[in-house]
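Presented sequentially are two complexes of chain A, the first with chain B as partner and the second with chain C.
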Partner chain A sequence: MEGNRSKFRELLLDVFLLDPSEFRWDLTRSQIDTWDSLGTVSLAVGIQDVFGHHLTPAEATGLASVEDILEVLRRKGVAFGDA
Partner chain B sequence: MEMREPETWPLERLLSEDLGVTAVWTTPSVQGRTAARLCFPHRTPFTELEPGTRTLIVVGGGTLIDQAKVWRRERAPSVRLIAIASLWGSGAEASPVAVTNEGGRKVIHLDPAYVPDVRVSWPELAESVSPLRARRACGDAWSHALEGFLSPLATEELRGELATLLSSMLELPIGNDTRWFEASIAACRLQAQSSVGLVHGIAHTLEGPLAAAQPEFGWGHATLCSTFLWPVLSLDTTLSPKTENLFREHGLHFVRILNAARSLFEDEAYDRALPLLEQHWNAVLRDPCTRTNSVLIRPGHLDHFRRRAFAA
Partner chain C sequence: MKVLLDHEGERARKDLEEAWTDRVTFAFLPSKSQRLEPWATDCLARLPDSMRTDHFALLSSGTTGDPKLVLGSRVCAESLARLLHEAQESEVVSSTIGLLPLSYSYAFVNQWLWARTFRREFVSTAGFAQPDALGDRLERADRSMTCLVAAHVPLFERHFTGRRFPGVLRVHFAGSRFPQEKIPLVRSFFPEAEIYNNYGCIEAMPRLALRRAEEGESASDIGRPLPGVELFTAQDGRLLFRSPYAAVGFCDSTGFHPFRPEDWIFTGDAGHPEPDGHWRLDGRASEIFKRYGEKISLPMLLDSLAGCWPGHGAFYRETDSLGETGHVLVLAPHPDAAQLRAVLSTLRRDHPRTHWPLRIESASDLPLLPNGKVDPAALTQLDDRRVCWSQRI
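After this line comes the complex of A and B, so read on.
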């Protein structure tokens, strides 16, 4: 489960081309300049590649923070070791 | 987006139609032949048109046609634009996409207003094209069709249309065959409804730097697409089973597709491009095309290209 958290963090670093020092778990979309519409596409592709879950367009466009992404994945059954 | 298609005329109709005051813009490589057949004044591209001009005929490759599409929309929207492709590959003569070079950066424009009013079929213009240019032009069309098919933005209906196109492209020889004109137009038109991917991200990022660093080599969009299609398709396949699954689900034989991509690969071009790919990899990752690749492209994937993992 901690593995999922680590995979998730790596995924976001690569999708949004963030330096590890820039990453925080409370980041919002407005704080990530590469989280534009293409970033959303890229995020959806990455989530499918890494976690095997498809995001619907409504799910993908409704995301506004890192916590939102975690919550969507939790609802799809991905455990992050945070009960 | 509203899809608009240009009227298609044979050359004979262009020669017999009343076009009003007309100007012709051409690329130098075909100017002799256009001057011999088209009895209209040939003007320097992108200079002001004579007052009262009703028709602009543009004859050339994708770069000139795309620039003319943008120029017409911004500078002379009431002028009828007639596009004649001198070689297949880009599909620019029928597409709502226009790619321009702005300060060394490739910018993609998408608007139905970019579609020329008429495209004229003049396949004889491509008869004298060298085998190498002909093959590279095929690579341009293959890249559009494959990346459009694999795009995460493609609908199942669009994938179905692209699968039909890909099947027909597999039956065409890689080389000088004028049937590629229609295949290229279809590839570009369909791809415009989804997106392209890493092949185009690489091509758009490296074309300028390579042309500046190695002007003797003749770098262009088609050369880069041809050279990187096989390595990228191999990477996509390695990273995710969905690439092969999509081909299978649409009745496409993956090995035949991969072999077609492989046949377009150019060793020398790859070796020349690799150092610049390494140098510009961060820009490739940020390119809008790369960000709509079928699988997520990560910083570490540069290693696939460095190690030539696709050729293993």
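After this line comes the complex of A and C, so read on.
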């Protein structure tokens, strides 16, 4: 489960080109300058690649923070070791 | 009319000398292009009477990849060699050291024809096929000049680190992106040399603009047009030229196509003038495209990475999963983790996501054509290609 958290963090670093030092679990979309519409597409593809879950367009466009992404994935059954 | 193959070395120069002395128009093709001899013979046979003497033809693949023979006037080419001699202050130069195939218009005019016109020595070498011999020859250089392409710089670094060639007084670059960020390194090899960025294309036969390395800070700065040469930016950004030294036309599978003196000829690049009179390249016209409505210039993208990536880079085009044209960046050699992070950070800092490559791949070396340019067709077929990062689109 901790592995999922680590994979998730790596995915976000990769998709949004974040420096590891600036990553926080409470980051919002407005705080990530590279989270644009193409970034959302990239994030959805990344989630499919890494966690094997498809995000619907409504789910993808409704994401507004890192916590939102975690919550969507939790609903799909991904455990992050924090429940 | 006859077709010559560049057999390289002394034989090529002997063949060329004989062909140039004879008034009959000839074509000079790269080595290993025997298969094109019948086609070239057919092209020459289609020339108008006025061009069957006193001209010469060189091969170009052009932007389409289809071969074409570009026809130049010998009088004009010799005039250009004289102009370059003056503009590059080459009177002090007594010899030129050849690393490039002579069938390349750059080496043909800047070196072979220049040496012939000014009765200077032409020193043939096998280039980096025999690096030890090349290094020895450069060390023995006495008031020499040489013509390089950017791809030679890492080879100098690989083979000649710590060596100096003070007998080389002029170092020219042409044919691909000017290695502006590597100039300190180039100067370390050639401490006494003036270094020039030569810009042109085979249709210009070949030179259009010139600048000394220190007269600009960007690889895309090609300096000012040579006297008599006019540059012009079309509405779509294409860079066009008129030049008294230009080719007189070209032959392809559809026949001979003359250039008239009043014609604006396409360089193959996009470019624009700057307020200081220098011209700046925006990239090959084929390397500029729109992605999600944003104009992407691959050469400018490479320029922006030059500050954080010490190796080489090239692009090939690919369509993303949404059907938009994108690009894949290939780095060589393989970057370490910190270098890759620096490249990604630069992309994030300086470019919107639409400019980011679909993937970053790496290889130990970029595949090169004989003229030193990256072979775009081979970029997708590298044996040791690795995917370093993917945008996942």
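Quick note on the criterion: the second predicted complex is superposed on the first by the 83 of 83 C-alpha atoms of A that agree within 3 Å, B and C clash if a C-alpha of one lies under 4 Å from a C-alpha of the other, contacts with A are read in each partner's own complex, and residues count from 1 in each chain.
The definition used in the following text is that contacts are C-beta pairs under 8 Å (C-beta built on N, C-alpha and C of every residue); 3 or more make two chains touch, one makes a residue touch a chain.
If you're wondering where the values come from, they're calculated on a predicted model, not measured in any experiment.
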Which of chain B and chain C A:D26 touches, first, second, both or neither: neither
Have a look at where A:L17 lands relative to chain B and chain C in the superposition and call it first, second, both or neither. both
Please identify the positions on chain A that touch both chain B and chain C, taking each partner from its own complex. 14-15, 17, 34, 38-39, 41-42, 45-46, 49
Mind listing the chain B positions that touch chain A in their complex? 152-153, 195, 239-240, 242, 282, 285-286, 288, 291-296, 298-299
Okay, in this complex, where on chain C does chain A touch? 292, 321-322, 341, 344-345, 347-348, 352-354, 356, 389, 391-393
Which of the residues in chain A end up touching chain B in this complex? 11, 14-15, 17, 34, 38-39, 41-42, 44-46, 48-50
Given the complex with chain C, which residues does chain A contribute to the contact? 14-15, 17, 19, 33-34, 36, 38-39, 41-43, 45-46, 49
